[in-house]
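Quick heads-up: structures coming right below.
The same chain A turns up in both complexes below, where it pairs with chain B and then with chain C.
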Partner chain A sequence: MKNVKTSRQEIKNTAGNAMILNPRNYLPILGLALALLVPLIVTNSYYLGLINLVILFGAAGIAWNIVGGYARQVSLGHSIFFGIGAYTTTLLQIKFNISPWIGMFFGGVFAVLIGILMGMSVFRMKGHYFAVFTIAYSYVMMLLFQKFRGLTGGAEGLSVPFNDGSLAMFQFSSKVPYYYIFLLALVLIILLVQRLGKSRIGYYWTAIGQDEQAAMAIGINIAMAKHLALGISAFLTAILGSFYAQYVYFIEPFSMFSTHMSVEIALVAIVGGLGTVMGPVVGAIVVKPIAELTNMFLGNVLPGANYALYGLILIVAIIVIPNGLIVPINRLYQKLINRLERSSDRN
Partner chain B sequence: MLLTVNNMHVSYGAIKALQGISISVKGGDCIAIVGGNGAGKTTLLKIISGLLKPSEGSITFNNKNIVGMEPYNVAAEGIAHVPEGRRVFSALSVLDNLIMGSYLPSAKKDRSQSLEYMFSLFPKLEERQHQLAGTLSGGEQQMLAVARGLMLKPKLLMLDEPSSGLAPIIVEQMYEKLAEVHAQSSMTMIVVEQNVPVALSLADRGYVLENGSVMLSGNSNDLLNNPGVKEAYLGF
Partner chain C sequence: MAEIVPQIIVSGLLIGGVYALVSVGLSLLFGVVDIVNFAHGEFLMLGMYTTYWIWVFSGVDPLITLIISIPVMFLTGALLMKYLFKRVIDASPLTQIFLTVGLQILLQNVALMAFSANYRTIQVVYNEIVWNIGGVTIQISRLIAFFIAILLSIILWLFLTRTDMGKAMKASQLDRETAKLMGINTDKIFMIAAGISAAITGAAGTAISTFFYVFPTVGVSFGLMAYITVILGGLGNLKGAFVGGLLIGVAEAFGVQYVGADSGLLLAFIIFIVLLTIKPQGLFSKGVA
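So, the complex of A and B:
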């Protein structure tokens, strides 16, 4: 019996007898503390704005990873949920003066409903077909939001009503409060997905992602598990979409429901590491600034070359580190932990 | 009868994979389903476990009609399907693979007992329990796939080509283990094989499939001595 212990129990045991002195515990806290200092160091509003987008897309990548990474249902239609979140909160604000803090949950629920409807058809497809169908759905949404002008404002888009800045209405004149709110959302999503990944449903998703037939054969209700993955992912993505709307103040269907938006969300997870918790954060830290810098330096000089260079860098990254940038970073992190543990043992 | 498959027809598009197959399995029996490529062996298992839907025919398991049931409901009824080609979850540890096999409520309560049994049956798996399943050798992966199926505590264990792609010595070890399981727990088993002699030596009875129909059936010994079988599958 001595060896018959689940690995999860063992993880709990090692965590249980570890104190704050264990590097596994204090390193993440140290990292968070450093993150809290960022707005004091980065005072340039342009760079802080870029960092805000890194955090937002890192969080969106983690949300995407639930369905795209763990369950390996590679969605290229997540702009649907992002856009629904953005539109729902903005419309509730314009028409009924409902605070985005409340509106975002309506957006989340609405996204889940759309996700379930979508799932009923797209989950009949596998692999590339699945991806193509999710793209098709995002175009349908884009057209719907362009056509129903009375409700959605049509192709001209919507502006978030300006109200002089207040926490209650999720509106600030400085970028610093956004930074802390986005960071809080990121931390919460990391903690949630970490928990989900180690739960029974997380293992179901991993199993489905690895081998769907084998997962079916051991009795997993795969339709249910996939819908749950898409539902949770859609909810979180919609919340982040409403953050985005509150941050950029202006949304229009063409960019909100574009495949470009979907790809940006998926890409941070793919470059960072599929099915890992921190991968998308690393992915966003790399991908977003590259996109921004290539655009800044080449966008005016040689329009189009920025996208080519951006694409080239991503191709190289994927060829060199196919399992994601998180892999070498994890290795370094592990080394650091080992070294710290050894040095504390000596003392 | 624990399992009765009656007049099963299946088509992949215009191609008929099964053309009126009927088999029956008594509780505690081990039966072999043998035949060449494209005979319909794998299709038959997939039909039983609900991975495929038949166009015609009935399946009764434990006096219950299970045709058209979803795979997870079939598994809950007590049928474990070990698919062909070592379908282990390679990015999960050996232990997690085994635990994945016992998430159904009926299996979960006996999980630690089942784990102990698996580790006594396959000591290699205990040694390597924390290794990723993808890093195991081919034979070990096949053992893991079988053990994962057994973790379900099934009433019926269905194995699809447990010998495929393994060295002869490993095949022998694999079948020794299967015989052990069958003898110790009188587990009802269906073994699908292209390796006819090894499957028939394990099984009590066998069915020989050809082009989607049952060509021959009977006691394993009779089949092994049947001139037609000898000529077609044993090569002498």
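So, the complex of A and C:
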């Protein structure tokens, strides 16, 4: 106890200084500062585009992780929320000229409503059922969006109306603004999930993920906690889906609602680390470039090579690194912090 | 309107027989090995391509290719069990799901790389022959597919109930640990179960290859149908899976007739989602999973 008190005292004494001198505080800020410089270093538009996708899917992986990683409700249907977000903003733009910045919140709300509908039918079941149902729902979505072509544009898809680049309509000719917007979204999602993870509901999710029976026994309202996880996850994923539509300018139901898309989102979380905040970011940094570069070099010769690689990565990752790449990275990060702390102590 | 109902039911049952066989294949693997294989539909796809390429190079009737495709698919299933599924038998559902989803994506896209996305068809002389029985038209190739499915289901049922190996399989389905104690080699049983699961599903692919396009993602809707059917029929319940398969075929036929040619599956899936929302333990479960 005495030690704790004195160290607290020390922190208080050197208030502002110590906070910023603590590597735990300045390393993330340093990382963010470096991230802000990326568009100055990466001037090649293709590679910056790739980095943008890494950020977007990293963020989507974090959103997926809320329900898939923390609460361990394996969703293979997050393409539904992604697609709903993309379609809602695009349709609101086409039909009513509503800015994506506003439209995306409608998309988020729709996604939450669909999430609630899904949850009502599947949250009483365990394990595999949820996964099967999420696939079934995304298949139904795909068929519905193909069928009601009057509203959705059908299988031919929709193009985002061209607006000659404006912040108000979330449209830019350069990839740089997208980079900063995506990065901001990523940082906000990281901060949100970090807070959630350390809150009461976050511990509920972890408890459910580890042992649902035990969680129920200690009085956690399982259905409510799961709904909350899926709702938050769906909302965030839909927002990112809107970003995606504004970024690629074209959406069609077959790829937007495919299981492939859902797996792309989940994969980054699995490779990076289930139920961790930064895991999906690490996963996206590793997985996305491999797949995109494969697509670039082999896409014309061997269509499907990038997805085959996704499948292979998934199989290998789940067997070889079930806890994700974040574990060794965290260990290195911890070592770095310790070393920095020791060197600052000596000074 | 009412006079076409018998036609719808017959068409639905004919394809439903094939769905039933695919579902039984999935249910068998789930029941015996306790693993949900999300790559199940890909067994059907592999069976179709096996048949297609043998037909292309030899010109024999697709049905004859079963002689080769059944052993090939059996071996595929058994090897997958030995080298892949076995690693995750005791792992969490999450691990099993992602391992088999990874396999699904891998198989689909390897097929895409190897055979391209082209929709391929097999031409046989009896393709266009249609029988008319009391106002109900029956396409002969679909009737043959139905009979293959029923025949294989009966053979499987006889195997499970009349042979020692089959009984051992049922025993490990009921209680894996006790079966082990009784001296049953569960590793071998698991490989055979996976082999049968792949073989009959591949055979279902062969059965429909005379009237269905062959393409890399053909298995997706069949696989999805099978998972839903298996849940509806009660997990590991082979009879439930069989009946569920027939029902989903009929539901699809009604959807095609009354909602639209592109909406058969849509209606079937929505019906099943609603049914399962109301009765999550499945339609035929009697407490034993």
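As a convention for this text, the second predicted complex is superposed on the first by the 308 of 347 C-alpha atoms of A that agree within 3 Å, B and C clash if a C-alpha of one lies under 4 Å from a C-alpha of the other, contacts with A are read in each partner's own complex, and residues count from 1 in each chain.
Assume a contact is a pair of C-beta atoms (placed from the backbone, for glycine too) under 8 Å apart; a residue touches a chain by one contact, two chains touch by 3 or more.
Note that the coordinates shown come from a computational prediction; the quantities given were computed from them, not determined experimentally.
Visitor: For A:Arg124, decide between first (touching chain B), second (touching chain C), both and neither.
Guide: The answer is second: A:Arg124 touches chain C but not chain B.
Visitor: If you stack the two complexes on chain A, which partner ends up touching A:Ile218: first (chain B), second (chain C), both, or neither?
Guide: first
Visitor: A:Ala168 in the overlay: touching chain B, chain C, both, or neither? Say first, second, both or neither.
Guide: Touch status of A:Ala168: no partner.
Visitor: With the two structures laid over each other on chain A, which partner does A:Ile20 touch: chain B (first), chain C (second), both, or neither?
Guide: neither
Visitor: Which partner, once the models are overlaid, touches more of chain A's residues, chain C or chain B?
Guide: Comparing chain B with chain C, the partner touching more chain A residues is C.
Visitor: May I ask you to decide whether A:Ala207 touches chain B, chain C, both, or neither, giving the answer as first, second, both or neither?
Guide: first
Visitor: Please identify the positions on chain A that touch both chain B and chain C, taking each partner from its own complex.
Guide: Dual-contact residues (chain A): none.
Visitor: Looking at the complex, which residues from chain C come into contact with chain A?
Guide: Within the complex, chain C contacts chain A at residues 36, 38, 84, 87-88, 92-99, 101-110, 112-113, 116-117, 216, 220-221, 224, 227-228, 231, 260, 262-263, 265-266, 269-270, 272-273, 276-277, 280.
Visitor: If you look only at chain A, which of its residues touch chain B in the complex?
Guide: Its residues touching chain B are 1, 3-4, 6-7, 200, 203-204, 206-207, 210-211, 213-223, 275.
Visitor: In the complex formed with chain A, which residues of chain B make contact?
Guide: Those residues of chain B that touch chain A are 49-51, 70-72, 74-76, 80-83, 87-93, 95-96, 99-101, 103-104, 112, 115-116, 119, 126, 129-130, 145, 148-149, 152.
Visitor: Using the touch rule from the top, collect the residues of chain A that touch chain C in their complex.
Guide: Within the complex, chain A contacts chain C at residues 68, 72, 74, 76, 120-121, 124-129, 131-133, 135-137, 139-140, 143-144, 146-147, 259-260, 263, 266, 270, 274, 302-305, 307-308, 310-315, 318-319, 322.
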